[in-house]
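Each of the next two complexes has chain A plus one more chain, namely chain B in the first and chain C in the second.
Moving on to the complex of A and B:
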């Protein structure tokens, strides 16, 4: 099982957002998985073409995913996947 | 960095910086580099307060301070450089006066203006390191691009509610190349409204104290060459759990080359990807709403803010928080005029778009500027938050 964690910023739209466990094999599958629990959340992470939004990043462990277009980066059991986004405040 | 060999210190300075001088890895060489350095701090807000104070106390030789704004009562919850008596005064004036009291050995240059595409290169080129503590995406992209064009390191930090980010962009590497920059990790800004500012969404007062201090630490590392600056890395902090992580990234091979400064308001407002669930919107002004009320025109007012916001100030509307709107459709008629409002007009616009697209509503009007506009233009006794 991999663990998916989210920037707290997404709690604005999904107040009950919490870390998720998943058996998904790729980043794209992870998003499909969390979409079931939090309908509509994918819209905040990917655009209409399914590509990663440009102010959003997904890290597996501490490394940025390499495929932002199709989100094909493999995820294995024990990985921690972190979804974050740009902040503007100062 | 600047030539620091010839830098000398007075007896008073030696005594002031003695706690630096006795650190073996820092010593008088590190202090010389600080004194020779020129740092531009963009923004004197939440991040600017600790950043400026620590850089000043540490002995950075020349510090430029950019901010067009004046001190507002709502700044005092976190911008600890300012006091009650400063409300209404230019932040740059107050900051420099206070910082001079902290360290008279520093040269300060104030820029009481907004950093723009027209003036950025001229201002930034006089410095060796820029610390970005601004509060909006257009200025962040502007600062980044100016630093890239001039070959200057950009020490970045940003905050929202309980979260903070720190990074060092465009740092010159030993081989003469430059490290990744802001556009390598965030190629373009979010659609307007998707990532609110602190003014829109709030920020824990102590958070900029934490993140701005980390930012000052990175500036000092970049100047003195000690430690490992956050080049090619992004440090993320969650104040609620105190979880922090340092993630890595490289140059984005698909990033367009930065060749000139552009219109950043347009870049952030018009070129962003469309916000989900948001299209054609009808709206009314607060003056329209006041007239509707005075003339007895039938309308239903719905407030999509949170209950704690309603307690701060309200217009007597029916409270249906944005998150529960789809569970309360029975309370929202499809006939008659329905005016929807929030704090500034962003959440209500999102709510209306959702209701229009998903549930076929056609009688909804967004209150432009939200309850803030009402407090500013109709009821001046109402608190703004």
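Moving on to the complex of A and C:
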């Protein structure tokens, strides 16, 4: 199981947001998984074409994902995945 | 009916003022910290709509059915999967830029204009939206719609003819005015007489830059637009446009324009310096009014800053109700006039950047 953790800023819109356990194999599958529990949250993270929003970062461990278009980066059991807002503007 | 509430869309949220004993008082803010670029109150359903532009999380649409006491996020318009702007660039909503109901004969219809250039309609009061394919697939779009101040062309104005709800105009920066007479099945450009001095052919049928398109409430055949290249008026529903800019005066460049509710020859603009500078003309704010269809203009300055002023007024940030006008500026000043724009007083000097102002 991988663990998905979220920036606290998303709790403004999803007050019950908490780390999630998932067997998803890719980042894209993770988003589909958390969308079930938190309907609508995927739209905060990716646009309608499924691409990561410009000012959102997703890390697997300490590494930024490499595929921001289709979110195909693989996720394995034991990984920690962080969905963060990018710092922009200083 | 007297409108005694002001909705102010700002960079830091939706601010409300109410009139009480002749004074406009701050009531509160919704969406604190989040840019609210546009609000719309649908008089048919009494639904309040707010368009949010999160820096990180995308554009969101919220509705309130209790006059702003509570807001609910609804699914905003979305471009269908694999919709392409051009050259392989996928279409995603960058901005929710215009909202209108569908007219009295379509009480649950909601129309939303977006950047990049898509018009969306909902037949269930925002429950779901569909892209208007005919306008999106207009043969002019890929080659002759351009980005202006934003990356892509965008629809910032929607006018539904109150006499025939299948008759709709949209204003697009940068493309021009488009009209449908069949409820959106087909669209035609309506830009004859406009000037685009930024194009090789200033008289181009498509590629014009209306900053805001409005209709006179008392006469839907009379259209006005504050354009990038002047102020224009049409008396024949957009079949042809006349340049009504003020020769030698400040009424030329700007973003906002408001039409009088009763008189189809009266309108107001708030001029700015075109177009690289985008500041107040001569570092002073004025409001210009015509009462003869644009033949002549008067500029009014009483109560407005006349030195060291850099404010400009965005396209949705000027509104009128009866003899009262209000506008908000890019530096957070909110001004109000009770005498048809001839004298002004500041309601606040301390608001965030103001995107939109509307009386309800």
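Observations on the structure shown:
What we mean here is this: the second predicted complex is superposed on the first by the 86 of 90 C-alpha atoms of A that agree within 3 Å, B and C clash if a C-alpha of one lies under 4 Å from a C-alpha of the other, contacts with A are read in each partner's own complex, and residues count from 1 in each chain.
Note that a residue touches a chain if its C-beta (ideal position, glycine included) is under 8 Å from a C-beta of that chain, and two chains touch if they have at least 3 such contacts.
Everything numeric in this text was worked out from a predicted model, so none of it was measured.
In the superposition on chain A, contact of A:26 is made with neither chain B nor chain C. Touch counts on chain A: comparing chain C and chain B, the chain ahead is B. By the touch criterion stated above, A:44 is placed in contact with chain B and with chain C alike.
Of the two partner chains, chain B is the only one that A:15 touches; chain C does not reach it. Of the two partner chains placed by superposition, A:3 touches none, neither chain B nor chain C. Of the two partner chains placed by the overlay, only chain B lies in contact with A:63; chain C stays clear of it. Shared-chain residue A:82: touches chain B; no touch with chain C. For the contact definition in use here, the residues of chain A common to its chain B contact set and its chain C contact set are 9, 13, 40, 43-44, 47, 53, 55-56, 85-86, 88-89. The touching residues of chain A, counted against chain C in their complex, run 9-10, 13, 40, 43-45, 47-51, 53, 55-56, 85-86, 88-89. Those residues of chain B that touch chain A in the shared complex are 43, 45-48, 132-137, 140, 157-165, 185-190, 194-198, 201, 203, 208, 236, 238, 240, 245-250, 273, 276-277, 323.
Across the complex, chain C meets chain A through its residues 54-58, 73, 75-76, 78-83, 90-93.
Residues 7-9, 12-13, 15, 40, 43-44, 47, 53-57, 59, 62-64, 82, 84-90 of chain A are the ones touching chain B in the complex.
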